[in-house]
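Notes for the one structure printed next.
Note that the chains take the letters A, B, C, D and E in the order they are written out, and that residue 1 is the start of every chain.
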Amino acid sequence: MMPLPRLDRLGVAFLIITIGAAALAPILALVVPHDSAFAMPPYVVALLGKYMCYAILAVALDLVWGYCGILSLGHSAFFALGGYAMGMYLMRQIGARGVYANPVLPDFMVFLNWKELPVAWWGFHSFAYASLMVMLVPGLLAFAFGWFAFRSRVTGVYLSIITQAMTYALKLAFFRNDFGFGGNNGLTDFKDILGFNVQSDATRAALFSLSALALALSYLISRAIVVSKYGKAVIAIRDAESRVRFLGYRVENYKLFIFVVSAVMAGVAGALYVPQVGIINPSEFDPGNSIEAVIWVAVGGRGTLVGAALGAVAVNFAKTYFTGVFPEYWLYALGGLFVLVTLFLPKGLIGLLNLRRPARPTPPTPTPTPSLAQQEEGAR
Amino acid sequence: MLSVEAIDLYYGAAQALRAVSLKAAIGRITCVLGRNGVGKSSLLRAIVGQQAIAAGSIRWMDEEISGLAPHLRARRGVGFVPQGREIFPLLTVRENLMTGYAAVSRDKRTIDDEIFSLFPVLAEMMGRRGGDLSGGQQQQLAIARALVTRPKLLVLDEPTEGIQPSIIRDIGNAIRYLRQRGGMAIVVVEQYFEWARDLADDYAVMDRGAVVLAGERKDMVESEVRRRLSV
Amino acid sequence: MSDETKPELTSSLLYLDGVSVSFDGYKALRGLSLALEPGEMRAIIGPNGAGKTTMMDVITGKTRPDEGEVYFEGRHDLTRLDEAEIAELGVGRKFQKPTVFENHTVNDNLLLAAKAPRSVFATLFGGAAAVERETIERILTTTRLTDQRGRLAGALSHGQKQWLEIGMLLAQDPKLLLVDEPVAGMTDAETAATAELLREIARNHSVVVVEHDMAFVRELGVKVTVLHEGSVLAEGSLDQVSADERVIEVYLGR
Amino acid sequence: MPLARLVAVLFFLCCTTVARADAVDDALAKFFDDKFPRTEQAINELAATGAANAPAILDALGDNRLLIDQADHIIVYKTTGDDLINAKTGEKLDGVDAGAFKKVRINNALRSAIEAAMGALTLANPDPQKRAGAAEAVFETRDASALKALEAQLSHESDPHVAELLRQARAAIVVLDSKTPTADRVAAVATLKARGDQDSQSLIDQVANQSDDPAVKAAALDAKAAIKAHLAWLSVLQNLIYGISAASVLLLAAIGLAITFGVMGVINMAHGEMVMLGAYTTFVVQSALPPSLLQWSLAVALPLAFLVSAIVGVAIERLVIRFLYGRPLETLLATWGVSLILQQAVRSLFGANNRQVSAPNFMSGSFDWAGLQITTGRLWIVALAILVFVALQLALRATPFGLRMRAVTQNRRMAAAMGISTGRIDMLAFALGSGVAGVAGVALSQIDNVSPNLGQGYIIDSFMVVVLGGVGNLWGTLLGATVLGVANKLLEPVIGAVLGKILLLVFIILFIQKRPRGLFALKGRAVEA
Amino acid sequence: AAHAEDTIKVGILHSLSGTMAISETTLKDVMLMLIDEQNKKGGLLGKKLEPVVVDPASNWPLFAEKARELISKDKVAVVFGCWTSVSRKSVLPVFKELDNILFYPVQYEGEESERNVFYTGAAPNQQAIPAVDYLMSADGGSVKRWVLEGTDYVYPRTTNKILEAYLKSKGVAPEDIMINYTPFGFSDWQTEVTKIKAFGSAGKKTAVVSTINGDANVPFYKELGNQGIKATDIPVVAFSVGEEELAGLDAKPLVGHLAAWNYFQTIDTPENKAEIEKWRAFTKNPKRTFNDPMEAHYIGFNMWVKAVEKAGTTDPDKVIDAMIGVAVPNLTGGIATMMPNHHITKPVYIGEIQSNGLINTVWQTPGTVVAQEWSPYLEGSRDLISDWRHPMNCGNFNVKTGKCGG
């Protein structure tokens, strides 16, 4: 058995909040009368649901970056692939209700004169198949990619850059109409999921609850992984990869496993995201999105899982808020936020929580004496 | 004249030095002895400015230097050979040596032949990258590099570590030569007791972050010191 | 692994023949040959830059030789295996410059090193077994790091890191130990203790020790190989080799 | 008896002018309708009169400088010096209000007509450059009516280059004319074959397809094969040149990053914005300089852009980055923030739109070099890239500053202990990297949009170049840029720009597997440290 | 609503940052001006209009989020916004779900007609096809050979598909059509332009139809200029290049290249002059340009005002019904009418770039053109029509099957 994670206080609080939110949201959104102060307006549900998905992505990224030192700039690819898999299911659910009323082909195929459904789309009318693909496609891509990269000992920025190249190439490919996934406009105009109208408040609330639960689950899995001996080995790999090899660990397998797990999580996040935002298109593959996800993790606190989730929610909330309140100046606010967090909260937002109770004699943290190895790690 | 007075030093919450005092006079060699982890390197880091002290004072040539940035101390003649060599791995041997130019005025920016007569192996390896050298070669390079800054206070942290016996002797002779040439105070941290004893004019023994014995070599009671060094 | 089935080529535990390594034209090893019998402890000395560390790099798979053979237990061609595979065969190494996992506690450093299945799933689903815990306890005592067990390894002093690394090597419990300058930065008393420890280990392991501390080597009381410019200069007891004119010339000094 | 001939010519000229004076009037009158078909007639008639002022009038028409006053029935043209000249009489009008006039409208069809007419009219121009231009125009329009003038000029053309062009123009006309004797047409084919460019190819193609004369056809087929082979060659070379040009842009964009990121280890996401600042500096310089100095604007902008970006770089370094050494990954977060701020700042200051940066004359247009088309602006950019590369390489390798910078990045603490003022070095290094990015911005302003998003377009590519080349090595950056640029341009014509880019990215991924530390990987223990 | 609010809120959903800010920022400013003017005229239904500006930051999911925020939280009566098709597609479900109104001001690929959206930009037949017609005519140079050059995304792909079918129906041989796509933000046009040049030197008159998007245009035109491709040799006609885009360019080498649009700043009508005056006064910049999507917003806003007045309420349902048939003057001397397909009638202008960077009309349709949102040149949409009047009330009625598609 996997050792049950002994949760720290923060982890418990996190689980209570996410699971609590999952349970409470439907009540607040559907049962509580709309004019009550406790009512959750539908657009808030949609918004929070989206944040949850981002938080899952952040946790996934923190798992590989925070604990294994793999700065993946390609996680947006896994996220988007999961999203596309779900989008394809939703597209096929539309059936004959599309504008051209074609029972099989999605609209964009009809007006581009496609005659039959491409092979890649087969099976997506089944939710089970689509759910499998949500995990399988990102997982396999991560596996294939990691298999080669880790075996070739590509590390540091070299790895970052090729993950970025991967997602960039996918973005361009999906952009092409010929590729068969709706080109730049992507997949949109979804009608229902498992028979429920995607736009109904109830479905929305359910999707939110699911996302919150998925976040809790991702956290639990990640946490179990990082506290296990495997997790210790992975941290050791982050700090001194070659030394771990001399102890007889197959570093490439260790990295591959965590990378694939993380990619699958990102895929699931993407799949939950799509029905909630109602569109998936190639811009989700954008390398900039990956960088932004990295930033959520950094803002929240790298290598803390909870911090990553917190960062994702905080940054996206800031974005939502600022773009609405000062549409012309919000970039200053967001940019400033990033700068200030780095300067004053080296441990991220999560560091704030620890600041408040310094009483407990903490083991002396090694003062940042940047050994060259660390610097190299950063620079390479 | 270096005079360290009652300094405290912390790593985070852990105290590594407690009211440590040390004097090192020009023209003399001061050896600091002590077991692992008692704070010898911490003391040296405090002197060269790599670690800030929490209390006490460090005076060099009648000037308080404890507030100065490391590079300013270097420019005041403090040369440092750190434990673990800390060679610039991607710079060639020559370039490693030339980094010392930053501490001296333009007219003194040369590498004296003296250095190569002390460490002939370096002359053969001028074009090789510092990081490629063997451990012992790096140690020699580290000492040579400190000498390029023409220090008046030379601070060496375990300079014999990883060095072949004949060169250990050479290094000892080199240090003696430097003392004898005059104008230089030398502080050596060392574990190799005999070698240190033969070299020292003054000595200090540390234990648990404090100086427990100190004095001139001629007054040293060897058994007492050895007791402090044993496990 | 196909290697397993190969007939043993030699009875030696470790067998190096004609190994050469060059870096950008500089020959660090020139036809080095060496054989180590099972259960043997060997001290290796030699001038700085003689190629001692490079030799260990070759044995542990970090550096690939340009030519020559390296066999372990007579059948494993180490030149074809990677670091992890070699380590798993039972070759452990302590580095010249102590390298420990700075963000792990002393305890976890030992835990990671401790002999146990190394596969992803084994580490993922198996906790620290009782045996491991016991081993760790014992090693902490041996290395006098019990007090430090909860501290991060990055906060240790240089010498403490040396000890920790020796401890990790012990925990790994390999068939062959490669120990590069174990007593550098230790006091005389600690040096003696280390020698004692290594002699102890050598009862049921093979050990290769590289050191410049002649007192230490004397205390080990084993056969000594002197390397010079990438090949063997002399071999024999410490007294024999220290009497060798060439060894005095290049290494010991007069 | 040259004198007699001169007299004869003069007589001829003056008489024709006189004789056709009303023809000119008729032609000019047609302009007043300001209807495209009428204007076209006017052009053709005017050209046919061969009147002395016809070129000036047509030139003005093509430039929108031909003005009419329908009420008073006056037609004038404006000279480039803003004088108004009566088109009919040729006299200068003083004190006339230009506002009363209306421009004669033209469209592309008319522009072609003007071009053709001008070709014939300027064939005899005393300026050889104009004559060459006219010959080219005739070549392109294949205006048979120009044949006479062409042959007349050819008979006494002194400039060999112009003569060649005239021959080619003549060949272009006669080669398709079945009334021309076979030998003449075969010779024309040969002339075109010697010219050997796209235009000759398509002409010869036509000849090969249409000609019923077997001798001409055979010659054409032979020439066709020869030109095809020649052009295939040229196109490879041409793509190579494009590749080098693309590489120079990549190099310029990336080389500053090679310092801030490659050498200093700062993951500088604001690098693109430093480039952008350079481009905006160019814009500001151009708007501030009087038009007469526009030729010098880039020369002024280069050092200024360097300064502006360097100063902003120093500010970033002092205010943010210096607290982050040893935490390289966090520089990513902070500089991303800085990049957002800078983009928005520029947007607030200059607006979201593209700003116009014009090219000085010596940088615009292109020239032909042994059949290869070389764009002048691009050539300058290649030169600038090389210059910047060499200068940086020197700064890093041959100055104490370079040495100290490398020492600081390799071991900050030890560098300080050696007496190096690490703060100062960091600041200067960052200033240098940023400044170079600013210089790149000046170059990019010539070929790309000057907009707040300018930098974003280059940041990903820049990182790829630096990493592909091998972090910390300027030669690597050079090679990385060259490989990417050239590969891209060789792939593009074969599989298209989009697929080409995808393929290139896949190539990068595969390549890094082979060389996990880039093209110019440092080897040995030094790196593994 | 139970209690009357004292203002009518108008949502403005245009990117003010990110890649699309270049194009969209001015649209936000135009809306602010139009609202300001309306308020000066006394507002609407006796209430003041209040603009609510948000920044969707060129990020498509953010568009949907912001649309939802505008409608649910700010309770706007109408939204003017979007530029790219994908942003429109992204917000579409939101408008349908929350039953609100979007005015979309940019030319697009068609193949859409929604109850909640009013399309004030051109459909392909209001822009692309007339442009090609013009080039095929004697005036336009009797073009025989075509390069369809576009950015690789849906609008160019669809437009080119329609054009290809159209050209073939006009007897153009397949080998005389070259279709070429480049990535978004493409900036190194050397090879592409050479390709065009080679294609154009085959002896037949060749033209380029450009659906190149946004940022890629400036480098494209710079390269055209550098390689000396003159409009007299190979004219380039573009659908998304106006004075605004040309502002970033040196126009000299581009003289004679064409733009096909439904509005040009140079069109000489009193309304146009007056509007430009106001715009320049509002932005305090005497050189600000005015372009086609801005005119579309001008028309759309006026139509909305009129429909609200007609319906006597801002309730979206009522306004949607009142919109059809509303006619307002456009800026070029004609009348724009909202048709039952939720598209408006537009004149088509072909203009040539002048050396001063302005565009002069060289050709125009005799009257206005009705949009064909479902292209007759595409197989799937050939049989569809849309009519949002009762009783049909359908955006995609299939005349063959007699059913409302979706």
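Methods note: a contact is a pair of C-beta atoms (placed from the backbone, for glycine too) under 8 Å apart; a residue touches a chain by one contact, two chains touch by 3 or more.
Here the structure is a predicted model, which is why all the values come from computation and not from measurement.
*Asks:* What's the fewest number of moves from chain A to chain E, given that each move must go to a chain touching the current one?
*Replies:* Each step joins two touching chains, and the minimum needed here is 1.
*Asks:* Kindly work out which chain lies most centrally, taking the average of its C-alpha atoms as its position.
*Replies:* Chain nearest the centroid of all protein C-alpha atoms: A.
*Asks:* Centroid from C-alpha atoms only, then distance chain B to chain E, rounded to Å. What do you get?
*Replies:* 75
*Asks:* Indicate the whole-number Å distance between the mean C-alpha point of chain A and the mean C-alpha point of chain D.
*Replies:* 45
*Asks:* Chain B to chain D: how many Å between their CA centres?
*Replies:* Result: the chain centres lie 62 Å from each other.
*Asks:* Measure off the straight-line distance from the CA centroid of chain A to the CA centroid of chain B, and report it in whole Å.
*Replies:* Between these chains, centre-to-centre, one finds 51 Å.
*Asks:* Could you say which residues in chain A touch two or more other chains, in rising order?
*Replies:* 172, 175-176, 242, 328, 331, 364-366, 372 - these are the residues of chain A that touch more than one other chain.
*Asks:* For chain C, write out the residues touching at least two other chains, lowest number first.
*Replies:* 23, 155
*Asks:* Send over the residues of chain B in touch with two or more other chains.
*Replies:* Answer for chain B, listing residues that touch two or more other chains: 11, 14, 89, 132.
*Asks:* Touching chain B in the complex: which residues of chain C?
*Replies:* By the definition above, chain C touches chain B via 23, 26, 45-50, 52-53, 96-97, 144, 155-160, 162-163, 181, 184-190, 193, 212-214, 250-254.
*Asks:* Contact residues on chain C for chain A in the complex?
*Replies:* For chain C paired with chain A, touching residues are 60, 62, 82-84, 87-88, 92-93, 95, 99-104, 108, 111-113, 118-120, 123-128, 150-152, 154-155, 168, 172.
*Asks:* What residues on chain D touch chain E, complex-wise?
*Replies:* By the definition above, chain D touches chain E via 36, 63-64, 105, 107-109, 111-112, 115, 140, 198-199, 201-203, 205-206, 235, 238-239, 242, 245-246, 249, 343-344, 347, 351-359, 364-366, 373, 375-378, 446-453, 456-457, 488-489, 492-493, 496-498, 501.
*Asks:* Within the complex, which stretch of chain A touches chain E?
*Replies:* So the residues of chain A in touch with chain E come to 41-43, 46-47, 50, 97-102, 107-108, 110-113, 172, 175-177, 183-186, 188-190, 199, 277-279, 281, 283-284, 319-320, 323-324, 327-328, 330-331.
*Asks:* Chain D touches which residues of chain A in the complex?
*Replies:* Of all residues in chain A, those touching chain D are 71, 145, 148-149, 152-155, 157-158, 161-162, 164-166, 168-169, 172-173, 175-176, 242, 287-288, 291, 294-295, 298-299, 302, 328-329, 331-332, 334-339, 341-343, 346, 368-370, 372-380.
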